[in-house]
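As written, the chain order gives the labels A, B and C, with residue 1 at the start of each chain.
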Amino acid sequence: MIRLLLILLDLGGTFVFALSGAMAAGKHRLDIFGIMVLAFAAGNAGGILRDLLIGATPPSAIEHLSYLGVSLLAGFIVFFWDPLVNRHNPLILWFDALGLAFFAVAGAEKALAFGLNPVMAALLGMVTGVGGGMLRDLLVMQIPTVLRADLYASAALTGATIVVLGHMLHITSVGSILVGGLACFFLRYMAIRHGWHLPHARAS
Amino acid sequence: MIRLLLILLDLGGTFVFALSGAMAAGKHRLDIFGIMVLAFAAGNAGGILRDLLIGATPPSAIEHLSYLGVSLLAGFIVFFWDPLVNRHNPLILWFDALGLAFFAVAGAEKALAFGLNPVMAALLGMVTGVGGGMLRDLLVMQIPTVLRADLYASAALTGATIVVLGHMLHITSVGSILVGGLACFFLRYMAIRHGWHLPHARAS
Amino acid sequence: MIRLLLILLDLGGTFVFALSGAMAAGKHRLDIFGIMVLAFAAGNAGGILRDLLIGATPPSAIEHLSYLGVSLLAGFIVFFWDPLVNRHNPLILWFDALGLAFFAVAGAEKALAFGLNPVMAALLGMVTGVGGGMLRDLLVMQIPTVLRADLYASAALTGATIVVLGHMLHITSVGSILVGGLACFFLRYMAIRHGWHLPHARAS
């Protein structure tokens, strides 16, 4: 059951990140293939990086076709549904936030399952969450959201940490995954809507 | 025999991509070492990424010195033969197209040899093809050709798909590799010379 | 003893590169989390890449918490000690040079320990050295130092080559590591202070 939940989280995160990637590609006037490439890159870079780092080769996104399938589906939706490629569409931000939450908890859970120590499992959850958006932004030559945005990597780390703490306290995975994912999304929501942020270094 | 062909294709692709990388470095006025770094990066990033993803570690380009050799050879040719670093030299585009064709078919063939399913083998062929140019462009801070150019990733995917289909229909590898490589190069040729392109998403 | 030395070199390189990453993040006005992310990325990307390429998974930086620890320590120092985030601080350049020297020799030594051939061991030393700075610069959208700066990758390669030669001549590792590291730092020093550089390609 936990395996199935993990796959659903992974695919859900892939889908929403792929939407954000395809929308970024559409905004930059790329052709349909560029849209598909960016959908796949954004949807799967985080998970592939996580799998390479924990030694789970070949990565799920390469071994199973379902990841490719949901990425292409997202690409097609963006390509054929005009409003999504509007330059000022805030949806790209929300899909990104949703994907972050999905991947942060799924990444932490998978790293735990591969026997990593708790601190590193939480960090790998964060890496899984931020990896896809990072590659998406680099490919269209923008400073990655993770570095510009408020409460981004920290939101992912919070979600992943909750999953890891739940695991250490022997709470059922379903519960800690739900709480962790919601916490991550909530932090991003407050950052986007109400400008919550962490302190900056004072430049002299 | 197929192993030898694979190595020749890999080295051929490495050589022409290394030429394109070295020329890009020359255009940006890098020193001889920067030229060598970009030659190696452009010539080998796609293959190394492919090998990491299919779990073939250490990657061929790290294990065998020949890949380094042809990359450095390409770097030296560009460094000592002035006309190649002319800012408006169209050769960079053609070497890139040639490398794309070589790597697309070699990548698909190697992924099949490692037992990946046909759809993923075709995609890994594409990744192998576009990876080197992508890193080359990121390193000199340009939006990657794969995202700007017409019929680029799609040309690589076409070539790789032909190789995979040939494999499924039990056609000799040599034949399908030849047809696949030519198809990929032909599509890039039509895109560069006659402006063939795929539909773009309409921005609202 | 050589294992301990290797770990100290790796951690030392991680620390100074993490400082340079955190300072780059501070200059770009990132929040405390962005600083930590860039500190970890700059401090560990080179080592993680090396470990993935030689097949040492999971990479040391993921398996052992000490790498994370020194990266975060560097991040905190930069965050709380104002003068370090001054826009024109030359320290970032010197920390980078120091990290390059540490990693070049540690990378070569580790690649030799994993049985790579001497030429590739020297190159992996170079990759370990330049990887962290490369990712740091890409993340804040600058052409990587390795491509802009004089005697950078070449300095790393010199240091790594000395380690490899020492290994082939059966000189004690400590000696060749010391000489290699000093040679790498010396070349960067001469490049920064006295403008030493390699020849450039003549653009026509």
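Descriptive notes on the structure:
Convention: a contact is a pair of C-beta atoms (placed from the backbone, for glycine too) under 8 Å apart; a residue touches a chain by one contact, two chains touch by 3 or more.
These figures come from a predicted structure and were not determined experimentally.
Two copies of one sequence, chain A and chain C, touch each other mainly through non-matching residues, since under half of the numbers at the interface are common to both. In the Cα superposition of chain A onto chain B, the rotation angle, rounded to steps of 5, is 120 degrees.
Inter-chain spacing, taken between the CA centroids of chain A and chain C, is 29 Å. The multi-chain contact residues of chain B, meaning those touching 2 or more other chains, are 52, 138, 141. Listed in rising order, the residues of chain C touching chain A in the complex are 25-38, 48, 52, 57-59, 62-63, 65, 68, 78-79, 82-83, 85-87, 138-141.
For chain C in complex with chain B, the touching residues are 52-55, 116-117, 119-120, 123-124, 130, 134, 138, 141-144, 146-148, 150-154, 157, 197-204.
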